[in-house]
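Dropping a structure here in structure tokens format, bear with me for questions.
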């Protein structure tokens, strides 16, 4: 299996609901450094897993509507806890859409799976990974 | 698959038996920076893989009896080489006990697998990963 | 010159006032990974710049009232832009108070200067450094 | 599953063919920081996945003929794009040969799989991983 | 003293002249991860050392004509060894020009000094720092 | 001012004397990742601060007699606490000798100062820096 990973980041405010979260129930925020790993079994004709330039652009586009936001005010997350692991899945789903809609180029249809990791500090991070089953 | 990872460290003295180890047969030591990755297929009702606060506390509790120790004098490791990979398994087993005994909360029973990584320098690290099969 | 540095972090929400800040004028947030470097010309009788345990505790105490906060609602920052460089100075001033009030032990009176760095992402950080002139 | 990872690096010049590569079609270069992860199901009699000293030496030997080279002039890569993911496979294949020819010691025959990662910057990296099926 | 640092990178081919350089006399290449630290005694009216957005843009502009180049073919470096420390000075001088010509905004005239660091691997880096004396 | 920095590491056992040290009074150990920064005002005729190859070799030679040692049994440290900051000074002094005795080449006589940093974990490090006054 081959993989390629690109990194970017976004900065948000949010609060988390439930006693489990202790002081994180207050409005606070985070910088998320995001790694998206693209995987495929064979390289494409250019010798690539994915075009890193297109992958970086797609990641920036996916993060732009999240960046500099208060997620508590985002209608699409209403009633949800925007935990790091939940947001990893959000980024995963949006990158998967970018692939299906051709933003990563035609050969990206050969991608087998993705893993999205959000680093919330030097001490903690979360991931979501899955096959791109409906490609 | 979702995952969450937390980091901590411990500092020990030890020596390693066998010609393979060359100068590491002498009494020396190491700082191990420890990453514990918790994995599960579905998030719990709070939107979590595991409560990061409880996970960090559990890791600190697991590392405390190892920290600031000479492992050559630890009865539980008598006759064993406390290599980095061996210690990764030790930490794995103790975190697995923490999960079973409820130290990570009731929803931690939904965890599927763990991966424990010990970084011994900027150039080398070792891991043990397995399913939490008897959960 | 000797120095010792300890690391911790805090997570906040805030917004920044002024056209310069573009989208960062919206309510968003950040994880700040904080490094505090303590400097002195001679080691103390224990062979230390500062007791790392006390220094780490002092840093945690200084960050606690900032952590999990919306800085826009903090009376002490009213009318101020809580930029990364501004917050580096805030942490500096509070650590300097910790030193003067003995939280870092009696030998910490021998400290010559401090440098506080706040990392806001993998791409940007800010510092404030100064002598501890009025110690 | 146990794993051990060692790190080294090499520095090369190359150019990449195809419109996809934009300005990277020009002769340029890269530092590749290389991580090789060795995996096995059971530790060997010394308590090891692999002898880190032998593994580090084997990696240095594998990278030596690539280091300080213009890959465009390397006969073995003629007609191929030496992308990061392609080079990860090249390093994988050569480490696999090192294992088969005994450079990592006799117990290395128990290795199950390898993962080779090449970091090309702080923002992008690529891997190749596979079982050591013909061992 | 306050400082703000931003990070970017560029990838080049080159060779180095002189027996001192051993195998680096051959055409090879490097990824340089670049940190530019801007320093000033007082924050500007917005509470800033420098506008991070403008600083990042200025750094990208400075690196663009170096990126994806064979420095051996660059007329401006003819007869010079493009060592890491030499290139740190090149980037320093060009950022200094960006400041003087207003690319970092009008308040950047208050900057006191710069430090430019080029990381060539996980094991080695070089810097050039100086006051912005002729500002 | 120009600088060049090289990185290596060593692994030791030791204990620390004095109530201040709490559990670190027990025999334990550490991995120290060592950065040595060499500084000079002008580059040498090759365009260098120092030959990185010679500097890396000199650092390895300086660390070899410390590596894989129990520092409590080292006669040269008898009666001293081998704290991280103390060891930073030890490495500094030995590198300074390497410079004076020509191990870093003849142009190394132009070096102005050194800074040696020992990282003991991902959370703490210590440095010693000084001019090379008797050069």
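The first chain written gets the first letter, and so on, giving A, B, C, D, E and F; residue counts start at 1 in each chain.
Assume a contact is a pair of C-beta atoms (placed from the backbone, for glycine too) under 8 Å apart; a residue touches a chain by one contact, two chains touch by 3 or more.
Computed from a predicted model, the values in this text were never measured in an experiment.
Chains making contact with chain C as well as with chain D: A, E. Looking at A-C and A-B, the interface holding more C-beta pairs in contact is that of A-C.
Superposition angle, chain A onto chain D, using Cα atoms only: 120 degrees, a multiple of 5 between 0 and 180.
Distance from the centre of chain A peaks at F, each centre being the average of the chain's Cα atoms. Ranking all chains by how far their C-alpha centres lie from the centre of chain D, first place goes to C. One finds 31 Å separating the Cα centroids of chain D and chain F. If you average the CA atoms of chain C and of chain F, the two centres end up 27 Å from each other.
Counting partner chains per residue, chain F has residues 7, 122-123 touching two or more of them.
Of all the residues in chain E, the ones that touch chain F in their complex are 18, 20-22, 80-86, 88-89, 122-130. Chain C contributes residues 1-8, 43, 46-49, 51-53, 56, 105 to its touches with chain F in the complex.
On chain B, the positions that touch chain F within their shared complex are 7, 9, 11-14, 23-24, 26-31, 33, 67-70, 73, 120-123.
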